[in-house]
Amino acid sequence: MAPIELFIELTLMPLIAFIVGMMMVLMMRRIAARIQRRIGPPFFQPLYDIVKLHGKRTQVSHGLIHDIGIVMAMGGYIAAETLLPVPGMNGIAEKGGLITLLYLMMIPSLGLALGVGQCANPNGSIGIARALTAMLAYDIPLVIVIFGVAYAAGTTNLVEIIATQQAGGFATWGVVEMPLLAIAGLIAMHASLGKQPFEIYIAPAEIATGPMVEMSGKYLGGLFVMQCFQLYTTSVLYVSLFLGGGTTWFDFLIKSFLVLAIPVSIAYLFPRYRTEDLLRLMWKWPVILGLIGLAFVM
Amino acid sequence: MIFSLLDELLIFSAATVLVALILGRGLAVGWMVTILYGGQLLVLIKMAALGYGGDPIASELSLSVMGQDLSWRFDALSWFFALITLVAALLTSWFSCGEWERKFKQQRGNVWLFHLAMALNVFTMLILLASGDLLSLFIGWELVSWAGFLLMAVAGGVATKAAIRYITYAVVGGMSIFGGIALVYAAAGSLQYEAILIAVEKMSTGQLWMLVLLFGSGFGIKMGLLPFHLWQAAAYAETPGPGSAFLGAISSRMGLFAILLVLVKLFGIVNIDSLKIPFTLIDARDLLAWIAVFTIIFPTYTALKQNDARYLLAWHGIGQGGYMLLGLVTANSLGAAGGLLHVLNYAACQAALLMAVFAVMHRTGTADLNKLGGLVARMPLSFLVLLTGIIGLAGLPPMNGFVSKWLVYRSLLEDGMPLLFLGTIIGTLGTILSVYKLIHNMFLGQLRVEHEQVREAPWSMMTPMLILAGTIFVTGLLPGIPLTWVSAALQTIGLTGPEITLGGIESSSGSLDMIWVIGVLFAGFGIGAVIFYSAGPSKRVHQLDNYAGGHFLTADVRYQYSDNFYSGLMHLIRGWYRGSFQWLENSITSLVEFLSLGMQGIYRRANSEFYLLSTALFIIAWVVF
Amino acid sequence: MRPENYEAQRQPPSNEYELNFGPNHPGIEGNYALKVKLHGDIVLEAKADGGYLHRGFEKLMEQRLWIQNIALVPRICVPDPSPMELCYSMAVEELCGLKVPQRAQWLRVMQLELSRIAAHLFTFGGHAATTGMYSTMYWGVADRDLLLDLFEEFTGGRVYSIYNIPGGVRRELPEGFLQRLTETLDYIESRLPDYDNLFFKNQVFVKRAKGTGVMSREQALEWGVTGPNLRATGLAFDVRRDDPYLVYDQLAFDIPVEESGDAWARTLVRRKELMESIRILRQVVEILPDIHGPIRAPIPNPLAWNVPAGETYTRVESSKGELCYYVVSNGGPKPYRVHVRGPSSMHAVQVLEKMSVGSRIEDIAQTMFSLDACPPEVDR
Amino acid sequence: MSQQVAHWLDNLLKEIEGIEVRRKSSRRVRVDVPADALPALLELLQGRAGYIHLSAISCVDWIDDGEFELVYHVWSYESHSLVSAHIRIAREPGVYLSVYDLYQPAAFFERDIHEMYGIHFEGSPNMEKFILTEWDGPPPMRKEFDSEAYINEHLSWQEYNPEWLQELVAEGGGVIIPPEEQRFSQKKK
Amino acid sequence: MVMSRLQKIPVVEEKKGNPLARVFDDLVRFCRSRSLFILHYCTGCGAIELPPAMTSRFDMERLGIQPMVSPRQADILLITGYVSIKTLKRVILTYEQMGSPKYVVGICSCTVNGGMYWQSYATAKKLDEYMPVDLYIAGCMPRPEAVISGLQKLMDRIKNGEADSWQDYYRNYDYYLGNQQKLFGEDWQTPTDIITEAKHYELMGEGTLGQHTRLLEQHQQPLEALEMRLGHKLKEPVE
């Protein structure tokens, strides 16, 4: 591949991810509004929020690590997007693969955790402790799912995983071949989004939005950007693993939005769990489903 | 007589011991010893051809004791381990020079004994690594054990108790190894490797079993394999600063070296694979793999509960050994390379981490995680080193730990071992949790009032720490360099390495190029930084200018959330810490082994989904209910 | 407090840490604070801190005319203001020996029960929001707004209706009001199954609410707990039935009781009370057209009204519990002393402090909201 | 039934010396006792008559008599009646006994009365301020505390005198309040 | 009166010559007006009308207005009714912790002139003595419609760049601090160092420093940020 072409891809992929991610945020808020019998925010609301937060005149920093944490949170996702193939663009997906992508997706959380840690706010620290606990909860089923998919495809290369699924049309999609893994993956994905009932680490009434508590201006704006990326990455990863990726942008985006709509619709109908209930749930049903699904794959 | 390079190295090392012994009470002995370690390292570098597949270098010295020929020689494997040992020794010794020594003296520490013990450790380890037959291996083994004991006991008090516990274990281990050697001698009539290799082919299953058990447990004790891990955390944590870092980095890996030499090289993975446990479907290799996985999980989650930074890291040291063994036991090219590479990566991380912890301890006088906090503003470089170390230890990009763990994961994926894979991931997650607790409670959060005036560690301590942090990053960026050595080392024990590029490995089923990954990551950081810093200036505020539900914060109140950090998790898993290993230590019944045997047995009938399902259900039932 | 302590030299070496819940915290009802000392996520010590909403009502009332105070009293409890008016009016009536006409009494019952439904819907919303289920809050508050529309229609005020005055009520019902009241009640009733599915039967919520903030009946009696919180421990006590006022002795209604005494029981009691209030309102709608007559007793010129000397203690069941006024007159144009005993003065201070200890950080907010504590009642 | 209960109560209350019982209605009984007899009365009511619920403690400042009146309202869940026990204590030094050991809710009311009136209750578990933690003036509910004077000293009001009103006044319209009837805030200080 | 005093202050919003920069400024102002985060702080009884305004019936989110938990995240400080003196301290702390541009909206009559609590010893009467107020929504209490229309008015003013009273707090800090000191006592201080902040963001005005800030400096040991430091010689740690 020509370097210039690669460079364009590497630039475009995060950009698209950001724009699509903002639309996903909008969708999420609109779905919430519909469930709550409201109208919901205008179309450009996510953009307004981010621009406004970045345009704040005074911003409060608690130190260099606080700044770097936000940079890492945004940068980690920007890097992760280049490993996530989209129709027509593979970026450097072949040089990293699935496991690298998963680990790269932990970088933003790590950055955030460091940044929040320096704020010296107990609410934030509790929030991070809970977020890491939640990660321990949902990563176990997620890993089973990833293992199953990678083993079935015989590779950790996402491009090939997608290609295998697209080879036989709908019948070779992961969701058809590995329905149990797909269900387990959906639950794990829902938990990784941190929406109710898995919203233990924001929990405004308990720990005053946890990690976000000391974030002002561009710091909060960075987290909003991160949320866009998070929604995009999670749903696109799921689409790549189970729904055959996308052949065209049209069906790719439709799939991504539909996949995301499932957890988001569920989220606004539930309160949040306690931490140990979340752990118990995540270590029980998705793991059982995943292992049974795995047995069929092996 | 012409000395070979190996002889030069050993003599140099022995000279270091002598210098420490004779001049140890004088001034600046630390610097002198450090320079001598540097000299040893230079000699080792002269042998660098070994790391690229050169011929083994034999020592001119050979003895004959009771009809047994004793010989010493260096091959790629020994060179690889010796490199780690000497770099660790150099840097930890450097760390100890200057201010640390002075403070140690003020606290009535015996600096002379400390340096002597360090030098002895290095010397004995080199002898062990150079062993050319089973008898010299055994001699080296015992020497290393006792030298380790000396270093552990330097601090006195609690440390002595821990050291005595260690030496008890070590003696038992030595006995077991001696028994194994006797058996081998009976079967082969010689202790030379070549003779044993031939004899192994003819051995009965029973004999082989016996040997695997004897050698496995003997070496496993040093490595801290389950269920022999209890001695290690306290013994390493209580050793004086640099000694702790040195031991933590390399000492246990001597056990791994011996396992590689004896179990993998002499007995051969294939032979071990054929050792079926009667009436079950698992073999000795699976047994080892499962022991490795449990060695990852249990100590890691014990580390999660520690409130002392040194103990936390020492427990991790035990857990990380599991990854190395697991990688090597899978014995495919990726896994073995991963396991062996992890020795290097982990040594760098652990040494850096422990040094950072001891730097903090040097300044604040405590390593109690509940009495620290907010030190990033006062000790930023130590924070940087610790951060690099924990990223490496947790195995996240862009540090080196990621590469070796990635290789282990990939090998498990390719072999189709989901439960082992899951086990390693559970261990990794536990590592991430506990290292965040470490860095948060020490460096982040509220700066305590009494630490308001703390200074950064002195440069004599900072420099080796920064060198190590650099090593962690560079070997993460260019894993091809150490992978070449690893590959050469693997060949000496009869395994093949993966296809190596400078940035990682090539593989048909998914490759890794760290240069690209890190490049993209840093590009991402760059873009993030541009977005972030383009948004106008921010102003630093004091930590008491903070949201507290609208209240005013005052400095005399503690707001730091540190003790019982993962309280939500602990509500669920607290009951699972049953201290059964303490019980196990007393009675030698091994519950875990039995469980793992049972599970592996069902699991091994891999083609039958039913068994897999029932295993899974069994685990779930055991874990969740 | 005043941050004079910035230069403190040392912190206590301890595993405990402090966390401030409120006043600016979504887990706190209104402007109130709870300082908690925690170990991990277990509360070791909780200290309520009030006074953020203190306006000195009792002092203010001593400085104003008897009739002026009518405008002041509903502000003491914002989410459920009507019982305040009633309680004060009843006290003045008792001191003056005023006889309230029948129709006024029925109208007062209607206002009180409407207010109770509104308050309970609001509480459900708040309680749900503490557990992260905002949809219930959005629904509950929006449905409460329909009741506020009714209030606006027959009293002129959305929140503070100031409908009761000593001697009766202020206005006659508008044309066709009872019809609209029935429609609204029908609507609320038709919404209840939705609430059940979303909230009361939601397994995640049940799991969180059960066993949270438990108190036994003995504890409740010892701590002076009243109202729905007391009924949730199994004691069927209701001022409306057991110390009747207005025309409650002519109405048929049950006193819902739950046994377990936890947040779940308290929520369920309120849920059932809401049904009972609807039942009472339906009876009112049926009976009210048949009752004619004046809506207030004649009172002297309110601007020069000297209430005879004396003292009285009046009790009303508000949506949060037992509400009492102790009013003393020395025969002057202004009250000599008014003491307001809001139900939350027990719930929000001592009971909350005691129930928080040993509970988890997750449950503090839920405990407070399930007690339905109303800080302005405490602060006055 | 409540009438019977009240008679029975009368008999019971005769055990206390110096007591004056007035039945105000079927469910309300007013009892006046000397201050030192109150604990005995409450103990009697709680232990033998089932008055286990302390509804409130009210305090009235009779400044002209130089006395505080404390009123203990206790309720019985069994006989459904409320007894209000009135006592008077001297305004100076304003010290009385706590009834916390009988009724736990007393802690809040006593604390409240302490900060509002400055009465100290001996034996109360917590006499710290609760509402007025950041108040350093005198106890505000005492009759001698003049809150208007306090406000005058510490706070100021928004002046509302827009131009159109000034024009109106200049033309002889508007409401002109004679200075002596103006609200104090508008007076010159 | 504050409004007239505000008008006397020259607005130092210099128009940049670069048209691109001006377009960008306009964009930011537009976004500011369309995305308003309200601080979730119920200071008084007017807060009871905010849930209806926020929830399904009136749905403020359609205007881009949503509640936020901590002062750092919020743009608007709604003073919903009377502020008792104890609350006022917290409100000032909260206000100082918010990131600029920030707007204060006084809801209910009590914020204007004490409302019906004019006689109360415990409530502050005139909010704009203690912090600059952008908008008052009078009423006791204002209906949700009134709140929303008031906020829409605020949005218009933000869009036109008129709602900049937050600068006044920096430029006239001495005035506000003086009033605060009068009410809370001479040793009143908050952890936020407004003077340094004003210097940092170049928001110093003629009224930033004065006799009251001098008084403050006598009492206050300003909380300097915990900058990372390395190597330079410090005092020996206190034993």
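Structure notes:
Chains: A, B, C, D and E, in written order; residue numbering restarts at 1 for each.
In the analysis below, a residue touches a chain if its C-beta (ideal position, glycine included) is under 8 Å from a C-beta of that chain, and two chains touch if they have at least 3 such contacts.
All of these numbers come straight from a predicted model, not from anything done at the bench.
Any chain touching chain D that also touches chain E appears here: C. Counting C-beta pairs in contact, the chain pair with the highest total is A-B.
Of all chains, the one whose mean C-alpha position sits at the greatest distance from that of chain A is D. Central chain (C-alpha centroid nearest the global protein C-alpha centroid): A.
When you average the Cα atoms of each chain and compare centres, the chain farthest from chain C turns out to be B.
Note: centroid distance chain A to chain C, computed from Cα atoms, is 43 Å.
Per-chain Cα centroids separate chain B from chain C by 63 Å. Per-chain Cα centroids separate chain A from chain E by 36 Å.
Distance between chain B and chain D, defined via averaged C-alpha coordinates, is recorded as 72 Å. Listed for chain A are residues 36-38, 55-60, 63-64, 122-123, 126, 204, 208, 213-214, 217, 274-275, each touching two or more other chains. Of all residues in chain C, those touching 2 or more other chains are 1-3, 6-7, 9, 17-19, 23-26, 41, 51, 54, 56, 59, 63, 138-139, 142, 379, listed in ascending order. Residue positions 132-134, 140, 145, 147-148 of chain D each touch two or more of the other chains. Shown are all chain pairs that touch, namely A-B, A-C, A-E, B-C, B-E, C-D, C-E, D-E.
Interface of chain D with chain C (complex): residues 24, 27-28, 52-56, 58-61, 71, 73, 77, 80, 82, 84, 103-105, 107-109, 112, 116, 130-134, 140-141, 145, 147-148.
Those residues of chain E lying in contact with chain B across their complex are 41, 70-72, 89-90, 93-94, 97, 190-193, 196-197, 200-201, 223-231, 234-238. Residues 1-3, 5-25, 28, 33, 35, 39-42 of chain C are the ones touching chain B in the complex.
Residue ranges of chain C in contact with chain D, taken from their complex: 1, 48-51, 54, 56, 58-59, 63, 221-224, 226, 235, 237, 242-243, 311-313, 315, 322, 324, 326, 328, 336-337, 339, 341, 345-346, 349-350, 378-380. For chain D in complex with chain E, the residues that touch the partner chain are 132-135, 137, 140, 145, 147-148, 150-151, 154-160, 185.
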